[in-house]
Amino acid sequence: MINDKVSQKIVDIIQNFARKHSLWVLAYGTGCGAIEIPPTMTSRYDAERLGVRGAATPRQADVLLITGYLTTKTLKRVIRVYEQMQDPKYVIGFGSCTINGGMYYDSYNTIKALDRYLPVDVYINGCMPRPEAVLEGFAKLQELIQAGKADGARKYKENLDWYRANQKEVIPVWRMPEYNW
Amino acid sequence: MEERKKEIIQTITDHFKDAVSNPYDGNRVDFTIPKQQIPAILFYLKDEMGFNHLSHISCIDWLEDKQFELVYILWSYTDRVKVFVHTRVDREQPVMDNIDMIWRQANTYEREIREMYGIRFAGLEAPEEFLLEDWQGPPPMRRDFDTYAYAMKTFWDRQEARSNAQDVRETIRRRTGEELPDFAKKYSR
Amino acid sequence: MREKATTLYLGPQHPGITGNMMIRLKVKGDTIVQATTEVGYLHRAFEKLAERRNWLQSFTLMCRFCVPEPDPVEESYARAVETLEGREVPERAKYIRVLVLELARIASYMLWYGGQAGSLGLYTIGQWSVGDRNYILDLFEELTGGRVYHMYIWPGGVRRDLPMGFEEKVLKTMDYLEKRLDDYEDLMFDNAIFRKRTIGVGIIDPEKAIEWGVVGPPLRGCGIQHDVRIDEPYEVYDQLDFEVPTEEGCDIWARANVRRREIRQSIRIIRQVIDKMPKGEFYNKIPNPHKWRLPKGDAYVRTEAVRGEVGMYIASDGSEHPRRVHFRGAAYVHAVTLLEDLLVGENVADVSAIMNSLGTCPPEIER
Amino acid sequence: MSFIDLKGTLKPLTALKQFGRKPHTLKEVPFVPLEAADRYRGFHYNDIEKCIGCGNCATICQNQAIDMVPVEGIEGHKGDSGLRPRIDHGRCCWCGLCVDVCPTSSLSLTKDYLYVSDDPDSFLWMPGVDNPDGKERKAFTGTPETSLNDFQRVPMPELEGMERVKSFAEVVLGYNEEQARAEASRCISCGLCTEACPDHMHIPEYINAIARGNDADAVRIIYDNNPLPEMCGKVCTRRCEEVCAIAHRGEPIAIRWLKRYATETARNADIIREIVNPEIKEPNGYKVGIIGAGPSGLTVAYYLALRGFDCTIYEANPKAGGMTMYGIPKYRFPEESLDKQIEYIQKIGVKIHFNTKVGKDIPFKEIYEKYDAVFIGVGFPKPWTLGVEGEDLEGSIQAVNFLYEINNGKQVDVGDKVIVIGGGNVAIDAARVSRRLGAEVTILYRRRVQDMPADWEEIEGAEQEGVHIIPQAIPVKFHGDEKGHVKAVEYLKAEMVPDEKGGRPRPVPIEGSNTIIEATAVLGAIGQQGDYSFLEGVFAERIKIERGRFVVNEKQQTSDPKVFAGGDAANRTADAISAIADGYRAVKGIEEMLVGTGKDV
Amino acid sequence: MEAILQYLWGAVVSFVLAFSVGITYMGLNRKVTARVQNRIGPPWYQNFLDVVKLYSKKTSIHHGTMHHLGPAFLMVSSVLSLLVIPILNGDRFFPNLTFQGDLIFLLYIMTFGPLGMALGAGQTGNPNSAIGVTRGLAQMAGFEIPWVMALVALMIQYKTTSIIDIMNVQVESGKWIMFTSPFAFLAAIMAMFGMFRYSPFDIVGAPSELASGPMSENGGKYLFTMMSSGSVFAFAKLTLYVDLFMGGANNLIELVVKTFLLYMIPVLYGVVNPRYRTEQAVRWFWGWPSFFGLLALIHASIS
């Protein structure tokens, strides 16, 4: 019965509806964009209305916010965190830095295009993106989830070799931090 | 304040024959001194003169002089005067005395300078890595390290989509058939 | 009995840490025996980048040094450049700068309110204060065109004049804030549990404080009254009437109280500034930025940020580009040597609260 | 701490009263975007029509976020590169510096800030093209007060107006080093000016060299395609300054004065030689004859000589320089400046035969046969006549002739009331020279003052010196006294009638508005024409002349492939820099013809 | 046969009821908290969406058998507690597994879950989990004292170890134990703060120190199990309180009202208070709550 197309579709719709309205965001301020996360989450903008809520550990989180630039040192941790997260998982890129390097395009320590290292589902324009834009980003992600198009995690799995090769290109020593839970 | 400044300069130049005082306005007193005497003068300034707050330690790479310049900036809460102490270190053999027994916080500054400029501080006890992780290039803040070239080489970016960009000067030059001699090109923007 | 020490990694991905950094803790039971700060997760090499940009372009980098309170860094850079060049700043610009700095101070303290309370589990304060902080950010948006990155104070003055009716809006917001501050204080400072969690925790030895380079509220929380605004008055602080509060406790409670009283002083300063705001020019125009050269030399200026004294050292070799821009962050001193020392002997549960009370700000450490 | 802290336990509970309060959450976000502040720095908007494509925004952008790209529907022309900025939102930090440096204020930031996409390649926008509706949403705009452009020119030190008329001393004193650096620093190095310059001089480069304190390099760059920069530095018509990006909202960069500054730093011909240090190529055996030592002829001679040609110039007058020598009064262009440059040109091996008028002292045929190529740069020596009654009266002088005589060191008696007719530079020069001779001067011009083709600086200078200008005045008759000397000029007032075809308004005389003013001399300055009498026989047919000018191709070659022409006698713009440009083109043409481009060999 | 079916049916229905009411309460908790915090907050059904989402997540964490069993232990513990607790007064439909001594069984089974969880968390190797668990156990040791004291007082006073009996006493006398044995009630309520792990006793999973403590390594279906068991357990606990101290409930609406009111006490107290450190929490439980518990015991033995 579970193979039946119609029931599968119904399950999908329910699942996607629940996923869409329950986005747990990993509390990891990777860059300066983290400064607009507290306003987004607090009373004035109140992202909890949309089902967006903080999650303390990667195991529980659905959404990874890359709030701006990533230094190679952080990238290493972010990759680890991303791989710890459970499917389905989504990545939102904040601001210019995740798209094409932003202000730090010539820095020796920051990566420029995030989608080369991690699959990104939604990019939010701005430097900083305002809380309104962040909420708009979540709304867009919800739209994509509803349509079943937010499949970054699948892409990552399918092209793992490509991603891994890119990651190793910028991380000189591929030795993960000593904590390995 | 002027009298106090004069007094400070007098005392220091009396005690440290090699110290050269550079004139500045306001509440700034400025000395240049050989690097061997740095711990001594800083000790003296702190213990005898009341400059008990180390505000900053900075480093400048004078590539053309083949030297590093270290700047120690002290502040006296009582006199409200800041003292700059400059010294120069050879760029080939950058070794300096550690001063974190005078001010504990100097430890952090020295760690950063060690990592960013490759200056060794004799007797500095701290983990080797500070801001960078597994860095394999030269100390990055040195002037001969080109961060742009490094970034372009190392990190991929979306440049193909922008490849139809044109230089304004070049476009006009092509349109008019102007021939720009090579020696003038360095003055183009 | 000898317990085996467990290694506990606080960060970089950790909700309790103030930003993207890590503390490696060795704990026995709940007690910390050794703490090592590990920073560098945010190192963007600003100072290197500034050497590639010209004097004006570098100014846009400055606000990113410390994200929660960008304006003191902008102010420091602008003032350092002015000092080096000998450029005069119009009187009105000075007043506007003080207005911006104090608004930024309040905004930053509001964020701190949230962080300090949140680190102890009192999330309601965070929801209130961070929500109310938006009203200040709205003011900033109106004045500077940006919510977080203002890029407003630049060499020579400020970028734009005050918009129409801005003064009234500021005063109205201040009135509202004062009312709200009462609410926060009722909830936080009158709270028995908050008091239990903070009194006697994270004690800085006042004997050591100056030697270890402690500045700002942590220093004033040790009963030592030092504030750059009074020690080395910049802009128009010497013409304004305000107090620099101190507390004797040397602990989190004392530091929290210093901050709580400082917000009130900031509101007082803002009222005075609005009252005294002179008419006239707001910007002493710099030359064409592409060819703007500063004379050879160096300058160092200090500014009081919420975290304490911040400084900007700039050196010029006479070209269009800075030779060296070096920023002294207050957190730079607090978060490494001081924090490592302070955490030993404390409870794991208090780490986050202690960090918040010191005002550690990783982007400022790493730049 | 007390045993039980009742207050501490209960006081926080008062916070629960907030439960009843209305939440201050913005309900409409994100479903309805929130309106940003009036000064918000959101997306860019560019007024495509107003933009001139100077690329200053791309230069100031510290993130390399702005590219200049061609846009459909925008053609480049003088003063517009035809490129428009495109913003990479993967780089932009919305600092708004691009707005503050935009010289035309076409670029601004809008209140729009919302853009969310899953496609990272969709963040490349062309403001104004991709968001035409941004026009109504402009928020952070550039104003002259907040602009980073320096709109004020460093004032040029000059003699006082009344001081000037006492002698023929040079009016403009020239920038000193500090002033020059300051003025050069205003330049944004866009290079729009190079297109307007007929000679396409490397303007941004030499201004930059001055700004960086490297005057020698500036001189070197200037001499790259202009052998008479000191002349240009003083009397150029400055088409470059008309299109200067800064001129859209302020005073253009003083390009001419900066050139003057640079060339004046080289005090004499030897120093120039030392700085420019031309590598003269081995003589290649070709010989080139040049008729006329005006700007075009000197240019041809200089560059050909550098390239190893043997150059000979035939000049009718005793001094080289052509109109720049004889047509420009000395208070604008002192003789020694010219001498210095001629000396330098002679130093590199150019032979000049003075007082040798072709057609009179030497037939054109001889030159044609003797040389491998001939360049004609004879200019326009003959003035146009007004064609009004009484023009042949005594005291009615052609302004060009008047200036020639004065520059030749002769005395011309113009009496104390001089009327100058015309609005060009020659008219103003004649007027100002007459002032220096002690006369009251009035200029009659057909159109309005703003229509005068002369430089505004010249007009202003003339007014400061007390020259009276009567615009919209059409002379109809010169009255003579009994001795046959001019006594007065009768003119009609004119009104400006808009042209139906959209051209500039025409002056139409008002019947019956005749006015008569007294005069002791009338100087006509309404233009000159060519004198091609030296072309005899077959040459008159072989070398085509149309509308008083030689017909030349883009290499300045006339219908006779061996003969090249340039200067006023070949171009319509009729100024010194165009003549130099012609000469420079002819150099390439001659070289190509004789030596070959190098590709063929 | 029919009786067994009815038991089974009742068990299923009470589980569904407990689950949905518990989840709704958690949603309402978020809503109420939000309103105190000046914001709108999520819709009341938000937690349903959360659990559905958690259930639909793919789970690929493996830390060993105990780690898998941890959440299962929790679930078992909650369901067992629920099954032991009578839901309504004298109702035939939800009689559940009442037996003589179920109160003592309940005491045991309520600690069973956290202990199992502790074993599971210990196996993850995550020090946050480990520390969280030790804190949880320490805190449990804290609030168990007054809680046990209160229950023992009740047992002594009414000379029974059956919940049904205690409920019946109240129904018969028409007086709630809340008023007849106020000290026991006070001690139990104070212990409840600890049981619910809301502020100020949320140090176990304090995000700002320990990520989320024991749950750090559990995501997806594990978390789903933990959340559902938590909601079932919450309902069970609240029902137990209502049964023991507030005279039970005669119908579902009454039950919901009573439990909700009871539930609001720790929620509202938590909104306005920061958290205690472990040793402070334990000290607190061993202070006033235990004192009241002691009073209750004395009161019970006297009366």
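Going in written order, the chains are labelled A, B, C, D and E, and every chain counts its residues from 1.
Note that a residue touches a chain if its C-beta (ideal position, glycine included) is under 8 Å from a C-beta of that chain, and two chains touch if they have at least 3 such contacts.
These figures come from a predicted structure and were not determined experimentally.
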Required minimum of steps from chain C to chain D, each step between chains that touch: 1
Chain located farthest away, centre of chain C as origin (C-alpha): D
Maximum centroid distance from chain E, chain identifier (CA atoms): D
Of A-D and A-B, pair with higher C-beta contact tally: A-D
Most centrally placed chain - per-chain CA mean versus overall CA mean: C
Cα-centroid distance, chain C relative to chain E, in whole angstrom: 44
Where chain B and chain C are represented by their mean Cα positions, the distance between them in whole Å: 24
Distance between the centres, which are taken as Cα means, of chain D and chain B, whole angstrom: 46
Computed distance of Cα centres, chain E from chain A, in Å: 35
Touching two or more other chains - residue numbers and ranges from chain E: 34, 36-41, 128, 207, 211, 271-273
Multi-partner residues of chain B (at least 2 other chains): 132-133, 140, 147-148, 158, 189
Per-residue multi-chain contacts in chain C, two or more chains: 9, 15, 40, 43, 45, 48-49, 52, 60-61, 124, 127-128, 131, 149, 187, 191, 193, 196, 290
Full enumeration of touching chain pairs: A-B, A-C, A-D, A-E, B-C, B-D, C-D, C-E, D-E
Interfacial residue positions of chain A with respect to chain C in the complex: 26-32, 34-36, 38-39, 42-45, 54, 56, 58, 69, 71, 73-74, 77, 81, 103-104, 106-110, 127-128, 130-131, 177, 179
Residues of chain A that touch chain B when the two form their complex: 72-73, 76, 99-101, 105-113, 116, 166, 169-173
In the complex, chain A residues that touch chain E: 14-15, 17-19, 21-22, 24, 27, 42-44, 46, 48-49, 51, 53-62, 85-88, 181
Chain B contact footprint on chain C (complex, rising order): 36, 39-40, 43, 45, 47-49, 51-52, 208, 210-213, 226, 231-232, 290, 298, 300, 302, 309, 311, 313, 315, 323-324, 326, 328, 332-333, 336-338, 341, 366
Complex contacts: residues of chain E adjacent to chain A: 30, 34, 37-43, 46, 49-50, 52-54, 56-61, 63, 124-126, 128, 207, 211-212, 215-220, 223
